[in-house]
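Below you'll find the structure I mean.
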Amino acid sequence: MMILEHEAKALLRSVGVAVPKGTLIKPGARAPRVLGYPVAVKAQVRSGGRGKQGGVIRANNAAALKAAARKLFSTSFGDEKPEVLLADPWLPIDRELYLSVTIDGAAEGYVVLYSPQGGIDIESGVPPARYPIGAPWKFRAHELRAVLETVEKDFQLRERVIFLAQRLLETAAARDCHTIEINPLARLKDGELIALDAKIVYDDWAHYRNADILAQREGELRRADALQRASLAMGHMYVKLDGDIALISGGAGMTMGAMDMIKAYGGKPACFLDASPGPTSTRGYKPAFAMLDADPTVKVILVSVFGGGTHMNRVARSMKENMAMRKSKKPVVFRLDGTYVDQVPAIFDTFGAKNHASLETAVKEAVKLARAA
Amino acid sequence: MSILLDQSNRVLVMGVTGNYGKFFVTDSGGYGTTVVAGVSPGRGGSDVDGVPVFESAAAACMATGADTAMVFVPPPLVRAAAIEAIEAGCKLVVATADEMPVRDTIEIRAAAKANGARLVGPNSPGIISPGKAKMGFMPSFCFTRGPMGVISRSGSLSYESSKRLTLAGIGQTTVIGIGGDPVKGTTAAEALALFHLDPETTAIMYLGEIGGSEEAAVAEYAARKDAKPVAALIVGKTAPPGKKMGHAAALVGNKADSHAAKTKMLAKNGVYVCKDLTDIVAQARNALNAAK
Amino acid sequence: MMILEHEAKALLRSVGVAVPKGTLIKPGARAPRVLGYPVAVKAQVRSGGRGKQGGVIRANNAAALKAAARKLFSTSFGDEKPEVLLADPWLPIDRELYLSVTIDGAAEGYVVLYSPQGGIDIESGVPPARYPIGAPWKFRAHELRAVLETVEKDFQLRERVIFLAQRLLETAAARDCHTIEINPLARLKDGELIALDAKIVYDDWAHYRNADILAQREGELRRADALQRASLAMGHMYVKLDGDIALISGGAGMTMGAMDMIKAYGGKPACFLDASPGPTSTRGYKPAFAMLDADPTVKVILVSVFGGGTHMNRVARSMKENMAMRKSKKPVVFRLDGTYVDQVPAIFDTFGAKNHASLETAVKEAVKLARAA
Amino acid sequence: MSILLDQSNRVLVMGVTGNYGKFFVTDSGGYGTTVVAGVSPGRGGSDVDGVPVFESAAAACMATGADTAMVFVPPPLVRAAAIEAIEAGCKLVVATADEMPVRDTIEIRAAAKANGARLVGPNSPGIISPGKAKMGFMPSFCFTRGPMGVISRSGSLSYESSKRLTLAGIGQTTVIGIGGDPVKGTTAAEALALFHLDPETTAIMYLGEIGGSEEAAVAEYAARKDAKPVAALIVGKTAPPGKKMGHAAALVGNKADSHAAKTKMLAKNGVYVCKDLTDIVAQARNALNAAK
């Protein structure tokens, strides 16, 4: 998961990377004390494109800072309102660069990306130079130097970038970061490099060896609404969409495949919900139903599971339990297939449910029911 | 023929005394997989369903000639178990676990490379060569022997698709789940290269997703003059940009990641692109016909 | 440098290692709130052997805790009084183990040490089992397992130890620790492993990539007295001894060699002072003289430098400057040798100093002067 | 003969355009060292005192046949420069820098091992084969050619001791500074093995310290039946326990680390132990006489 800019900068500072001496501003706090003016007042949100959405305001004095804070606290970026702001000193920049370390399948591991022109338009410019590393201990300064030779002509700057890149790579590996991106990385008038912005994406699954990641996951749960929280706590992957046919599925690919088919048959999926992760997926359906039953935009629930290691007899029994517990009258359409699917009809018969033999017929029925609702 | 796996693989199960390990010995052994040994530190000397249990992969390989490993240990331990199997001499290691830190996969891949071995997974259903052997929990009835090589980023989707092919009379040489993580033990490009060399595979079905760069490799392969015909289904048409759809790699981050861009690129390079799941059999037939 | 137990435990907690939920107690603070009784009240000092010196006191209630705190704050351990205490819950221990990761020359890098019997008598027992790793990415769980097989019969415990050892190894490498030692590592009644004590020694020279190390170095300077601080800030290595002949030397081996010779000739060295580190060693002699001149136990100063990269003409000129600046009348004996030593006599002549041709004659004169003082 | 270094080594200077690099080219070149190239990224194409400067070690080795590297860059950069030189083909790399994180040394050692190369240092004066070549800043007048191999954990102490030997007419095959850090590019054991095989070296002088485990390796070597005679000086008799004496490794942590324990162990294994610096020449003579 992505952490906030000020958190990313604190991590970078702790590993010897230069970052501006910023001040955190909380809502309703008294006039924040900053080290001097002007400052860049920056909304701390996870969604991208903040710069282009007015999420960074220059303030030349205390009054302007206060006004900027008021404005940013009342603005939404993506679907996210900032809970905190960062006021960084406005530094005299000589040049804006782009530097990141990220995970890359083709590189079989980590990759360094560098562009001599950083900033908010990085995605529309020339693609960054790419140094594939693989396993972290394979980083070689001289290999990165060879990659940068034609891209960055200023050799003193180049050497600083190489040194910094190794710091980022080692940090990404040590702290289980998927991505550490510095954009812009600024060269100040005195030649020093400083991270004006920072984006860090943690590897969720390293939570057992990194207390920061654990805390971020807990923060994510805290921010979720109560119904979603129970489902997230089960390890489910849930993304709300704007349709009315909710999907409880297993496996990311299968879930997307079913979503696409709902659309193809004229319906609109209400969510992506992959309920397969976690060891207790059969019991885990309970919070999924609770969440979707409580969601007023959901008209129909389609359960579509094609299991290998997940056994369909257990899923069918779980469905029986869940149907017995539910208070909602929203219709549920079932399509189970996979290991022990032959045992499903007998179980379904005991509570009058029907198991569709194909995804097509299940989707068609769900679409029909949604229209009728 | 098939790729990577058939009855000649001598399979070692890491974590054989756990629930998954035990089930695998029965289920996979019943399918035809040659399961020869298990490892469970502290439980060496016992057996699981007749399969001898050893203290270490080295001891297991020495005693049984195991050359292939199936890893069933909790995610934080997969790295250690997989590398142990690789360094004991296993040339194919399958790890189905999800929830694995990507750094661990990177380290396993590096160990595999250093030892001339191959990892399949993680976060993958495994691999099956229908009628011969399977390494994973895939529902066997979905698969049958035939001329189609199948590569999938997603487990359930590979069952769903293979079942459709099977019901339509289109069998598979091997179905390999390359997994949904950003770093894979075996990439689409590597799986394609293997199918390319397999004489029994006449056409290839690729089951992909939004996000990641695997699909670029598929297009690149399809563009080769000597390529076998490729059909492909890309799911995630209805996924909103910027959201991770379950798989760590399934995220539309930029234009090239989107469903539209991927299907366009694939079609441009001669891939038979399925419009959705219902179109799988038709495009598989097109690919097979093109191979004739 | 070594950090305090509570700092070490915080670092371990941040990387997913179980440590007791302790409470910090500062001097003069109000009655500390702990989570429950009994607690172990532990003096936070860097010197070893704290346990045997009464630095850990069990307190069964608030009054006992207060008394323990008062006692520990007024006790010196080695030459160190605790500035803070740690009150840890007193846990139901099933067994005490020893586990550490440290640097080892023979291992060409890191080594894991494990003993099934930990605790304060670890050094007198059977030496711990030893797993040499070398470079951190060469750690192999199965190799450690083979080392532990005969040492630790409880295989479930063994597996936990292996997993923890890898965590410590990765942390040592990522955070530039020379040593991470957990002694005792306790197995609780429920089978869990928890670090009851923790010792971490940082690699001083990694300060540029680890802000913790930088902060610890700054703390060290802060704790030093003002005169020592200037010398330490120059990068000098200073250890106070109980004699009266102060030594300003260059190179650790040469300095010890000169100390030993002072002793051999009947004198007593007042310090180990290696003034060679740092790029400005010639200018760097100034704080060394200031410190030693102000030290009432010092009667004579012996300058003994045998330089290769350090050029003797520059050292001689620095001595001239320093002698001109000094107000102290303490005698100084010189013995410079090495690169450009041929230029020394001419420089020394300008301020009436004599350069001894051999260490023997210089030491003899210093001993004579010390006796006369 | 000598070990590791003579005029046939073709030396590359990493960081040649810095002050140390420039001084080295002049000083060491003047002594006889064959300095053939320098590396300074961004300054390729220039020269330092006639020595051509390259952008990379690979380019320098390719163009000049350099096989040995001297590293003069700031401590945080030594790891990168040393590994670059090793991977460009240098079989001997000398790093004199102190203040290096030990993890960096560990990584250089691993790279050296993987490439069949050897590191000398760090935190070391370097290495000199008197009358032939030197890699370091040692004062040349302290050294002369002769039969004694010298190994030292400390720079200045090796100058002091070698000067005493030289003045007494006892020359040296090679004087190698193994450095004061806990992990060394070349350990005492490795240096002893090299001197053991060098036909011109008839006896060995070892200059050690309290702390660390190098002295155990010296005793172990001396105990061999075919060992060459060894003399040794251990400094730090007056050092208090538990205090680090400058070198990271010079710390009496347990009984075996102490001066008394070390000298006793050495003497027991037949080493001629010097009581202090003034005893160096006498014990060196004893060792040389024993070799006759």
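Note that the chains are named A, B, C and D in the order they appear, and that numbering of residues resets to 1 at the start of each chain.
Convention: a residue touches a chain if its C-beta (ideal position, glycine included) is under 8 Å from a C-beta of that chain, and two chains touch if they have at least 3 such contacts.
Everything numeric in this text was worked out from a predicted model, so none of it was measured.
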item: More contacts between chains, A-D or C-D; value: C-D
item: Between chain C and chain D, centroid-to-centroid distance (C-alpha), Å; value: 26
item: Cα-centroid distance, chain B relative to chain C, in whole angstrom; value: 52
item: Sequence positions of chain D contacting 2 or more other chains; value: 76, 107
item: Sequence positions of chain C contacting 2 or more other chains; value: 135-137, 173, 208-209
item: Graph class of chain-chain contacts, one of line, ring, star, complete, other; value: other
item: Pairs of chains, among all present, that meet the touch criterion; value: A-B, A-C, A-D, B-C, C-D
item: Of all residues in chain D, those that touch chain C in their complex; value: 20, 75-76, 96, 98-103, 106-107, 109-110, 113, 125, 136-139, 142, 152-160, 163, 180, 182-184, 187, 207, 209-210, 212-214, 217, 233, 235-240, 242-250, 254, 275-278
item: Residues of chain A that touch chain B when the two form their complex; value: 47-48, 78, 103-106, 108-110, 123, 134-136, 138, 173, 176, 178, 203-206, 208-209, 235, 237, 239, 241, 249-257, 259-264, 269, 272, 274, 276-277, 305-309, 337-339, 341, 359-360
item: Complex contacts: residues of chain A adjacent to chain D; value: 137, 140-142, 145-146, 149, 155-156, 158-159, 162-163, 166
item: Complex contacts: residues of chain A adjacent to chain C; value: 13-16, 135-137, 167, 170, 173-175, 208-212, 214
item: Complex contact set, residues of chain D against chain A; value: 41-43, 55-58, 76-77, 80, 83-84, 87, 107
